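In what follows, subunit A forms one complex with subunit B and a second complex with subunit C.
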Partner chain A sequence: MKKSVVTLFLAISLLIPVVTNAQKVVCKIKGSDTCLPLSQRFAEIYNKNNAGSGISVVGGGSGVGIAALLSGTTDIAQSSRKMKMDEKLKLQEGGKSVKEVIIAYDALAIIVHPSNPVSQLTREQLEGIFTGKLTNWKDVGGPDLKIIVYSRETSSGTYDFIKEHVMNKKNFTASALMMAATGAVVQSVSQTKGAIGYVGLAYVEKEVKALKVSYDKGKTYVAPNVSTAMSRKYPVTRPLYYYFTNTVEAKVKPLVSFILSKDGQNIVLAEGFVPLS
Partner chain B sequence: MKFRKAIEKFSESILFASSTVTTIAVLFIVFFLFKSGMGLFSASPLEDGYALAVNASNPVKQLTSRQIKDIFNGDVTNWKEVGGSDDAIQLFTIDELSSNYTEEQLGASLEHIPACVNDYVSKNKGVFAFFEKRFLDKSFSGRMVKVPNITLAEFLNGREWYPTATPVAQFGVLPLILGTLWVTFLAILIAIPVGLITAIYLAEIAGDRMRRFLKPVIELLAGIPSIVYGFFGLVVIVPFLQQLFNLPVGETALAGSLVLAIMALPTIITIAEDAIRSAPVSLKEASLALGASHWQSLSRVVIPYAKSGILAAFILGIGRAIGETMAVLLVTGNAATMPSSVLEPVRTIPATIAGELGEAPFGGTHFKALFALGIILFIITFVFNTLVEVIKSKKSS
Partner chain C sequence: MKHLFLLGTGILSVLASNLSAQESEVSALSSAVETLQSDNDVAKRLKISGYVQAQYQVADTAGVSSMAGGNFGTGIDNRFSVRRGRVKVAYTYENALAVMQFDITEKGLGIKDAYLSLTEPWLNALTLTGGVFNRPFGYEIEYSSSSRETPERSRMFQTLFPGERDLGAKLTLQAPKTSNWNFLKLDLGLLCGNGTNVETDNYKDFVAHLTANKVSKDERLKWGIGASYYNGGFAATTNRLYTTQTVSGIKAFVPETVNKNDKLKREYVGLEGQIGYDWALGITQVKAEYLTGTQPATASSSSSLTAANVSSTSTADITTGKVTTSNVGVDAYSRTFSGYYVYLIQDILQSPFQAVVKYDVYDPNTHVAGNQIGTTPLTGIATGATDIKYATLGVGLNYRFNSNVKIMAYYDMVKNETTTNIKKASTLADLSADRKDNVFTLRVQYKF
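Right after this comes the complex of A and B.
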């Protein structure tokens, strides 16, 4: 009797790794700090549910992640911007082709000081403000107050996105204040009366006010939230990417399909990002 | 006896090895810095894999990166402003293809894009096209516009820092150099008097108990991570300055200087105090014996004796301040404009490197430009350290 229990136990303990081995993923994810909390959550849950998996996540920035992909020191590069042309060319020179997967969306909110009476702006007005052509809030229907533009660093994926999609690829005014982190943008906007800045939806707090934005010259204004971003009504929405080479595709596939599954996308929602559908 | 000799020999070789390794590591880092940074001056500001082209009849052959930026920003709209004929500039990127050509013309799998680009450039006299090199047709009829490489003069004198601008980046570091020097010198102006007064107090006036309490507290300040100072500055000093001077924005050069001054104080106080205390007691006693008051012998005898040590303290404190990244990154606002007042945002070199290096494509022009900034910082710090050496050698001679 005792012997059979032991054998049963042994059999089960042997079986468990066999069953879960198929889903086991050991890989490294590196790159964008925007994607970092999301990827960490994915890794945590995936590692817990699939014994033997070892997914590790490191930040550092989109450029760092893609550089690591080029040198082969990471399996997946997480990025908040699309891969640049010269990065793609370098990968091709190394004889690798790259796969791109969109894992979630991130809505960017335009934020101002809560005391600011302006509550909506058109894309054209935003372009004017960010390029430095409009310098006073009275130009856009607000009080007589100097506009202080807070931006992220030039190399941040968020900066690139705003420049490309809100400012028609024009450059930010040289007097824009460049903040090193999203948290610093929120902090500064909350304590500066004439401030305007942009942050991911997940970072909007009650110390700042998110503006409604219009992309049709003022006909309709849309407030940023998860439901307007999901229905694509809110225009300032950007994709977050995973990049990996074709050589590791088979290895990372279970993880990617988990992320794209309903469970994975629920994590996206819970972390304050916008699910794919 | 023999055994002791062996041990001596062994420890000597360990000392030799460790100093050699340190020297090699330092040389290697300096070599790496210069190699990466100098690459900037053989790089084109145009992103790799992209081309700029005009119509074959356009007389413009070469444009500076500044002119190209003005054109794409919409500030220059006619070719005659950049030395061409009187034609309006028509900007063209691949996105415009779909509004000018039907899907049929572009091909099912977009294989006719190069031909369409060629067609568009040859038909429009004022065109200025920016596209990927892979869309360059074999029989391309337009003319490629040359963009001169970045020069040292342009780099040092340029007033615009747009490292990720498309199609061409702007690498002008003058505002960054000035920002660094402004913040550092203002920090020196604040830190030196405060540091010197505290050092004199600790060395000569404070009682033994007071000194035993104050000195460890001040030395403790040096151990706090700089990001903590930075955050303290952002939530306390920045709003304070904003209210005090009624400023539109509190992130200013002055805020950075205040934070840096606080950070440089422990170094200045500790070294200056040691220098003052190292003055021989006999000197002071002789001065007192001649009838000089305590204050007279302090200011005329002790401090002149400790002069070079105090100077070294200042310079080491400044050296700590000038290379500081995180604290300054948070409180100076980092706007790359030419500083005109200490109550305006500035951008410093260390903050620029810390903020941008993580996201810059590895080995690209932007990456090299950040290393070139590192070289400038290296030179500034090197000058400060040489000053310390000169002062020290003056003391011994």
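Right after this comes the complex of A and C.
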């Protein structure tokens, strides 16, 4: 009898952690790969500090997140671009209005292989490289090496941003290799000598080299980092957004308040993003 | 020692067995996921959508003629109806699309769309469409009835393009979304010009529609402009074509002699514009369109001629039994028309409510106005009720309950041009004063 009670107790003890670990997902965040590490960290800390909360975070690109918001399959769309007017109209057609919250800023870094001696480029040179007019590193003061352009897919908000702000709305070269995720861009650039790509600052690792960029035709070059982005000296910075509908506002408000709080913005800084103030 | 060895061997063999079982489970799971993924990819090619619009309407007068979903029956001034019951099936695979759309209402089953589209795979800029599809003319035709903020299209579109669809082929030129030229779109069509009826003549109608759409950098302002051109004709079914001419100071229809099967000119030009702005009061939209042109029609209607206007009679020879079918033609009346509409649509703050005001004008015969209409000429045929100009002011409120359900309350105030020459005892036919033909519509729509 005593043995049976002990066995039962042990069995129940083993089951308890399984039940408590299987937290119910109460809030879903989907979208921008740039925002992904930041949202994951927010979720991790928020879940830890708030018993019973379960926040799930998935990437895929800004366009994918906003499409999920339109179809009602996510609570929050994380995006590195502004929601389009047509997307707002679609939400309105469904009787929903959208709330926009800027959670942080991000500096967009231009990355190359660490062995590449080129360390700075002007916006015009970047436009030439990404559009395919400049095809060899020797055209911009580097070695005689073919330039291989890595880009994000068209559903990416980062793709939209670089096209708008760096490439003067011109198209990427047809030879650009389109990557499904930011991690894939970093990995490809780190493994290819003539490669160039673009990623959010938080994705810059030792395996790649971030270039200084000039937006005044070569007079001053600024390196991408949190400090230059905060001071707005680094020209390629952009806001990161959370979008949610009025129907889930009450549910997501505590999380959003946490993100906008001092603690939340400290996480922003720690993750390599630029806080709001 | 021996026991320890046996215990160790036992644990290792259990672990190895567990590992093997886990690997096998992972492999089975991967296989199942791959199968599901593959099935899902196939399922995603097929899309079924549709909507049902059930409505209740009240008219000012029983039996009134109306563009708000058709004329009211004799003695009837209120009605329930299923205005539209659409089911659309679309199958997309790679660069090809096939679409079938049906309309199922209390009136029966009708075919709305039946077409295929092929997009060239190199630039993804050129699409060829063939079958029955919306005529690529203007803005309002291609704007879905499920999204439209008012119950019906404007009077001019209902008259000139009844049913909106036609049979033919269309070439669409639009750069891919990644291109800076994506804001421009050109449609070029070659149509039977006979609605969704079978082809009855050798003439094909040409239609062109060029649009430009842009959005401001901050995604708050959106605008679009467009121009359309239609050039076609209808084969004459009699030897007479009436045109409006001045005879002894009176505007009247005077006949010209034409040959049967001569092409009767049908030519329209259209201009359109839309603007939307997202601001503190919600999204405000203004949409407008203007059309003018030449329309071959009949004495009793300015609606586009179709095969339905030609009736046929069959006679059988009593000795041979041979059946001869002959068409009974209809004299054509060519008119110069003009029309326009303006929508003002206001989302009310961030609420699911939307207010709409629409003003819509259609003048089927710009050569005559007011008391000139219906004046008896010395020669020719008098103009009549078909030549009356209409102006409709509509006001409405839409409640978007969710992405499926929309409730619409809309009131159409119809004002007709008056003429003392068409004074009748019946209020339905009397055009010496404004007819009492306003219509209130309460509609519930479910979209899926």
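Heads up, the rule we're going with is that the second predicted complex is superposed on the first by the 245 of 277 C-alpha atoms of A that agree within 3 Å, B and C clash if a C-alpha of one lies under 4 Å from a C-alpha of the other, contacts with A are read in each partner's own complex, and residues count from 1 in each chain.
Note that a residue touches a chain if its C-beta (ideal position, glycine included) is under 8 Å from a C-beta of that chain, and two chains touch if they have at least 3 such contacts.
As the structure is a prediction and not an experimental result, all values here were calculated from the model.
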- Following superposition onto subunit A, is the placement of subunit B relative to subunit C best described as a clash or a fit? clash
- Message: On the A-aligned overlay, A:Asp86 touches which partner chain: subunit B = first, subunit C = second, or both, or neither?
- Response: both
- Message: For A:Thr192, using the defined touch cut-off, is the partner it touches subunit B, subunit C, both, or neither? Pick first, second, both or neither.
- Response: first
- Pick one for A:Ile148: touches subunit B only (first), subunit C only (second), both, or neither. first
- Message: In this superposition, which partner touches a larger number of subunit A residues, subunit B or subunit C?
- Response: B
- A:Gly157 contacts which: subunit B (first), subunit C (second), both, neither? first
- Message: Quick one: is A:Gly72 in contact with subunit B, with subunit C, with both, or with neither? Answer first, second, both or neither.
- Response: second
- Touching A:Lys170, do we find subunit B (first), subunit C (second), both, or neither? both
- What part of subunit A is shared between its subunit B contacts and its subunit C contacts? 84-86, 89, 154, 169-171
- Message: Residue numbers of subunit C touching subunit A in their complex, please.
- Response: 147, 177-180, 215, 217-222, 276, 278, 282-283, 347, 350-352, 354, 399-403, 406
- Query: Across the complex, what residues on subunit A touch subunit C?
  - Reply: 72, 82-86, 88-89, 92-97, 154, 164, 169-172, 246
- Item | Sites on subunit A touched by subunit B in the complex | 60-64, 66-67, 70-71, 84-87, 89-90, 131, 145-146, 148, 153-157, 159-160, 169-171, 174-180, 184, 187-188, 191-195
- Any idea which subunit B residues touch subunit A in the complex? 47-50, 69, 72-74, 132, 160-166, 175, 234-235, 238-239, 242, 248-251, 329-330, 333-337, 345, 347, 351, 354-364, 366
